[in-house]
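For reference, the structure discussed in these notes is given below.
All chains are identified by letter, namely A, B and C, in their written order; residue positions are counted from 1 within each chain.
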């Protein structure tokens, strides 16, 4: 093993060990979790998973909720961000610079501070306990990043292209649909994944907007599982929940690693 | 036409980012609590006077800054090492990149629970290790002096990959021939790091520093689930205090004041930091 | 042929309509009642709920939602659903310290029209407290709970009565080597510290809120004396330094192991001390907290009770469920199975109950001296301010008068800012 391999192993250990510990705990009986003396062969169980899937509401419901909400937020964000990004690029240079600074400021903003006003909003517009309504704040919160990434993509296109299409007599919608959007597809894919991840993982707004247990998203459900047990060490069930909740993301990251990296690359350059 | 394209997005952002801040500014000059029947009543600057004299607010400012500074510094340092490692070419790099990304992709609340179990006394693995080397029970989650370090560890684990990504992006913009030329002139690799990599990486370092500091200053999910702000309030962050004021104490006027006060302090320190950086000319010698 | 088809269609339509109507009326008859409780209480009532649903099949379906176990977390859950509007719960099991806040926020339905004055009179003294806000009944008690002084019958003839006696008894037993510590209590910075403070403050004749003005009086001479005594317990070693990080469970652990001569704790500890693994089994007595001559002893009021939430669709059904869960039979069962203190006065004289626990008379006596923590909607903030200063005195050796002055000023600021005074 050379030096580099050693470093790589250390890196993987640091990144994965906490999750591996969860994986092991999720298959360990409650008795064995608190007693190292339990013989090796008697330590293992599937009870935590069975409990999780037979609870009310069953755990997959939260996964479903999060997936639905994250997808809706992604679609809404992209639908708003593409025309807006195109519009931004068309603005006079001076305006573009100002709006880009503002948008970067919004992207930096610690959005958790918005929860109280957003709670008031939810109450007065009667949006509380409605899963899909959460897509509205989620889109707004993802827009700054989406705009930064997509304006960068539009700016990367040769300007003559749009003008040539215009000369051909194509309307704005046609140009977007047939020329521009296909060309920025890679950037759009990266943006979509980042937005999806944000919406999937968001906690404070979901915490204040949802209170019915069948509506909860995964992060809120996880936090609620934390407090709702009578046992002082209910970590077997938590661990099982962690494993089930991590699987979709593991898949996502493995599939889209390249898009995530390139997405942040573009954003970093321009932002 | 251009404006028409922009309007929906701008309106939505104004509603979600702009309106809350105006609302907080207004609320911070009102009593809006259980005592007023949850109806706003103007109270002059009483909320702001209370904020200035509120030990808990200032303690949380210190604790939040401590958390942000320590964890972001550690993350930056680690991320630089990891990015340098991941930037080199070797077999299986793609898979390793994806796997190291995973902590960042998981919901914070999810692994916050995982960490609670890891730090658990007496059953967690950390205690087992400490017991093995004879450090006795650490009681890490119950010690007002040390529990904040547990939150730092959990945050470093989770967000280092994010900074790594940005630095990796930066590293990829550095042309390889620069290094080749440097080596031709007989430079050592540690010097290459100092003379080429770091200066060219600086914008990326500053960007991630800025972004992460702002985010860490608003830390909420991790603290709420990992420690709930305890023991004895020693890990409470500003966002958590604002949350408690609203959701636990039903004092919306003061909650808005806490958030606005925290936001002003953050903006001020970022401005001062940027100003100091520019004035000191610290950046100049590093520019290529 | 066509007529036949039409008739058939009509018949089919009628059948559909009929069955639909049946299902509809069937659904309407069953009134669904959902009560939110902390997990331990939800588990303790599971059997009762089953019985209730058996008795009310077809009319009421009672469901107890198992909330978080931690007092703060369950309040967070309840409050966030109340703030959003149209909460999914009909009733809530409430801690005594929440009542003022929830009532002032307008979330609770008055219960005066559902419960008779005689029913309130039938409650044991301590259980009558903490259910009203502004003279209106908002909560019906499920269990009674007060702070107690536990003492070792094998080490002393009689428990100490005054703070000085407590200190000297503790010191003597430590010097004799009978115990490691004289007195264990709850000194960590958390709500338990406020509970202990209320009792010790009363021992010196002080009040948290001035009874005349309703304003905080944390820097009164009585308060300074009380806090000075708390500090002296630790300084003089009668309580171990570790007490400043003790909650109920650590205190109980020390006392159960035979390490301490006296302990401040809640009634649940007694059953724990009688278990086979207890070093002090059968040697423990309970009494009231010490107090100086001329002052009333105080036992801090704990207790949980059920409240009806505003906006419940069928309050009558909810009340029926509340009555069932708080009935003497239910209390007897909870006392037998979980050791929860009953609220019905007659049960304290019940031979079967006395058989189960010989300390019932002592509990009843303590309940007559129950003192609630300040019943203000701002209690949580006020308690936090106090805990910070007390903890500072106990751990960092802050000067007592400075700390309590600060607690006083901070408390006043909170009351003024939140109340709209400018």
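Assume contacts are C-beta pairs under 8 Å (C-beta built on N, C-alpha and C of every residue); 3 or more make two chains touch, one makes a residue touch a chain.
None of these values were measured; they are calculated from a predicted model.
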Chain connectivity with chain B absent, coordinates unchanged: one piece
Comparison of A-B and A-C (more C-beta pairs in contact): A-B
Separation of mean Cα positions, chain C and chain A [Å, integer]: 41
Centroid spacing, where centroids are CA-atom means, of chain A and chain B in whole angstrom: 17
For chain A, residues that touch 2 or more chains besides their own: 119, 208, 226
Sites on chain B at which at least two other chains make contact: 247
Shared interface positions of chain C, touching two or more other chains: 73, 80, 83
Chain B to chain A touching residues, read off their complex: 1-6, 8-10, 12-13, 15-17, 19-21, 23-24, 82, 85, 88, 90, 94-103, 105-118, 120, 123, 125, 128, 157, 161, 165-166, 168-170, 172-173, 204, 207, 210-211, 214-215, 217-218, 220-221, 224-225, 239, 242-243, 246-247, 252, 255-256, 259, 262-263, 266
Of chain A, residues touching chain C in the complex: 119, 122-123, 126, 128-129, 207-209, 211-213, 224, 226-230
Residues of chain A that touch chain B when the two form their complex: 4, 7-8, 11-12, 14-16, 18-19, 21-22, 25, 33-34, 36, 80-81, 83-84, 86-88, 90-91, 106-121, 136-137, 139-141, 143-144, 147, 172, 197, 200-201, 203-204, 208, 218-220, 222-223, 225-226, 233, 235, 238-239, 241-242, 245-246, 249-250, 252-254, 257-258, 260-261, 264-265, 268-269, 271
Chain C residues within the chain A interface of the complex: 39-40, 43, 65-70, 73-74, 77, 80-81, 83-88
Chain C partner contacts - residues on chain B that touch it in the complex: 30-31, 33-38, 41-47, 49-50, 53-56, 142, 144, 228, 230-233, 247-251, 253-254
